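Presented sequentially are two complexes of chain A, the first with chain B as partner and the second with chain C.
Take a look at the complex of A and B:
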């Protein structure tokens, strides 16, 4: 599903955060990427989500080489990947109601006709009631907002889901609930998952395989039972 | 045990909102905290934990209505005026270790400048003694002296946390309140941060830790208070709560069971809105043990506010 080959990336070409990192996620596989803060794992997740252009290296999505990143990525590739970030408050437009937040990717890709059905469907899946859908981000808790952000990531039925510290701000029950939603979606759709985090217990419970990210910005692939 | 460092009795906080709505953020909360003891206040986001911390420090916004009593250092903090709070309480009686150190520190001044200002204000150290006092203050929170001339954005999450802790410790306050001190830190850093907080408890301070991280709470706390919808629903010894026989309130049991190292199953449903709390037990709509009796709100008796508390044999 996703192949990253010899990725060198960062925010300053003279001091890249990642050097020649390889990572593969097979079709339908769930991979956990584990590492301390500041090791570059979020940067790698952004490259995988086509949100950050690497300085060197190759990204292949479903076998196709990726030639453009961010707005230069072809729509078919961009919409094949769903992303959930760590901080829902920073990744949600504060002016939108939760309903519009979830519907935004459909409208942006010319599928407005599917909005009523898909948002109602996903709201039920992630456990958001009608009352919550009419509110804006400042009127809901972190957990409720992250539920909406997960629904937004699933609304275009991505074949690869990337969760970058999705549950770092959340309590144990909400964490288990959101992981349950992701796994139910994957069981239904066969989508692959790249889950980035620093909680080893969580990732080992959640994923098929966990890859340890050393502080030097190089991943060593290690399978866990 | 000597008289408690902090005694909270029947504390309630209500916010008056536009449109006549009232948000019941904290309802009838009571607990004591002794010197050399750590109490962890745990619960889901939005259950009223941080409002409770703000109430202790007199930092609530103007639309808050507070009832009850908070006794610390021989005075009632709820009736104290702003001058007393500013000169006697904040920093001197209660040190606050904030939720987000990066936001708490002043971004345009170095750590040394901020420590120096705080040391001068709280201890009255003169110009001659100030440099050494700043070094000593940094050392108490294990903040490395060679990083003192850095600005907050040049610090890692862990060092920013230590800088904020150093500021909280300057006034030698007997009581520390740490509001989500580990949010966003990785596991190794969480362990180090709570171990450092624990060190200050072992030095004889009282520590109230507010957190949703149960692993951090288990590591640092002597006692645990579980909060749900603004009320304390269970108050227990940390050893029996996290070990055997385990929690007695069904909500607390559900929260622990949701951990990835345990069952990893969520509690069904979501917490109630604090402006529309049900009349009886607020957890009843999500509770597997709920019966008609739960239409009556259960009082906190023997550490549990539940009509159908799990008995000791359940674990």
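Take a look at the complex of A and C:
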């Protein structure tokens, strides 16, 4: 599904955060990415989500080479990957209600006709009531907002889901609920998963395979659960 | 609950950090008073400007030399000018022109500034740098000088003045909008929109421009006083509104001669009509700014 070859990426060309990193996620596989803060795992997740252009290296998505990133990537390639970010507060547009937040990718890709049905469907899946859907991000808790962000990531039925420390700011029960939603979606659609996080216990229970990042920014296979 | 048994932290006097409650209340009272005064003034002046022309039509060309330069009295509360016209009525008519120019020009300048700033920031890269250098070049020329050049190309009237203000004042809005959009662009919710398949245009229109809307609107309101001054200055120089037409700038200019003879009212009242409305509008805009960004409380930038 996703193949990253010799990725060198960062925010300053002279001091890249990642050097020559390889990562493969097979179809339907779930891979955990573990490592200390600042080791570049979020950067790698952004590269995988086609949101950050690496300085060097190749990215293949569903067998096709990726030639552009962000807006330069074809829309079909961009929307094949769903992303959930670490901080729901920052990753939700403060002016949109949760309903519009979830529906926004559908509208952006010209599928506005599916909005009522898909939104209601996903709201039920992630556990958001009708009352919550009419509220704006500042009127809901972090956990509720992260549920909406997960719904937004799933609304286009991505074939690869990237969870960048999705549960870092949440309590245990919300974490369990969100992981349950992700797993139900994967069982249903056969999507692959790249989960990034600090929490070894969670990732080892959640994922088929966990890759450990050393501080130097090079990945190594660690454990198979 | 072990932490409850810990000894209470010593009280550290934090002067400069905390403001005494009395001073805070006084400041809030003062702010409320300022906002109410400004709002009352703006409403009163707006009503005057809208209602007076319906009740008291003004013949722009009429001259009454028998009553020239009369000091303020019951019949003429602001006195009469050097050709016997009532200063109060002409002040209201002049304010009407000034407010019209101020509002329309601020709108034109803001729309232009938002478009240019959003374009530069949303496209980014070389385009951004080029556009902002053009903005720098334009803002390096004094506004009034540039305005005079633009007005000089047309016949005197209201519309050339509006064009002149609009074309000189958009640069500040463009800068504000560009800076705000640059700070929004790196937020994760933009990443989420990109990942959700949004085009550049959609990201700009749906997420970026609405995000800078409060700042752009505030800049537009703060631009109204600037536009009024600009109009008055151009009219004072004889380049804006035609001299026979009532305008605060032309009135001040025409009354300059009689000021030396000791007749203070034909200059003072138009001057007050420029200063008071602009301060009232700025006061309201200042309150709005405090709502948008409470940290930037002190300065009331005009």
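General observations
Throughout what follows, the second predicted complex is superposed on the first by the 224 of 225 C-alpha atoms of A that agree within 3 Å, B and C clash if a C-alpha of one lies under 4 Å from a C-alpha of the other, contacts with A are read in each partner's own complex, and residues count from 1 in each chain.
What we mean here is this: a contact is a pair of C-beta atoms (placed from the backbone, for glycine too) under 8 Å apart; a residue touches a chain by one contact, two chains touch by 3 or more.
The model shown is predicted, which means the values in this text are computed figures rather than measured ones.
Once the two complexes are laid over each other on the shared chain, residue contacts for A:112 go to neither chain B nor chain C. By the touch criterion stated above, A:81 is placed in contact with chain C alone, chain B being left untouched.
Of the two partner chains, neither chain B nor chain C is touched by A:26. Of the two partner chains placed around the shared chain by superposition, chain B is the only one that A:169 touches, whereas chain C remains out of contact.
Once the two complexes are laid over each other on the shared chain, residue contacts for A:6 go to neither chain B nor chain C. Contacts of A:184 after superposition: neither chain B nor chain C is touched. In the superposition on chain A, A:90 makes contact with chain C only, while chain B stays out of contact range. If you check the complex, the residues on chain B that touch chain A are 43-46, 156-157, 183-189, 212, 214, 254-256, 258-261, 264-267, 269-270.
Partner chain B is touched in their complex by these residues of chain A: 35-38, 86, 127, 141-144, 168-177, 179-180, 198-202, 204-206.
Interface residues of chain C facing chain A in the complex, by the touch rule stated above, are 187-189, 191-200, 202, 206-207, 210-211. Across the complex, chain C is touched by residues 46, 49-51, 70-71, 75, 78-79, 81-83, 85, 87, 90-95, 104-105, 108-109, 149, 152-153, 155-156 of chain A.
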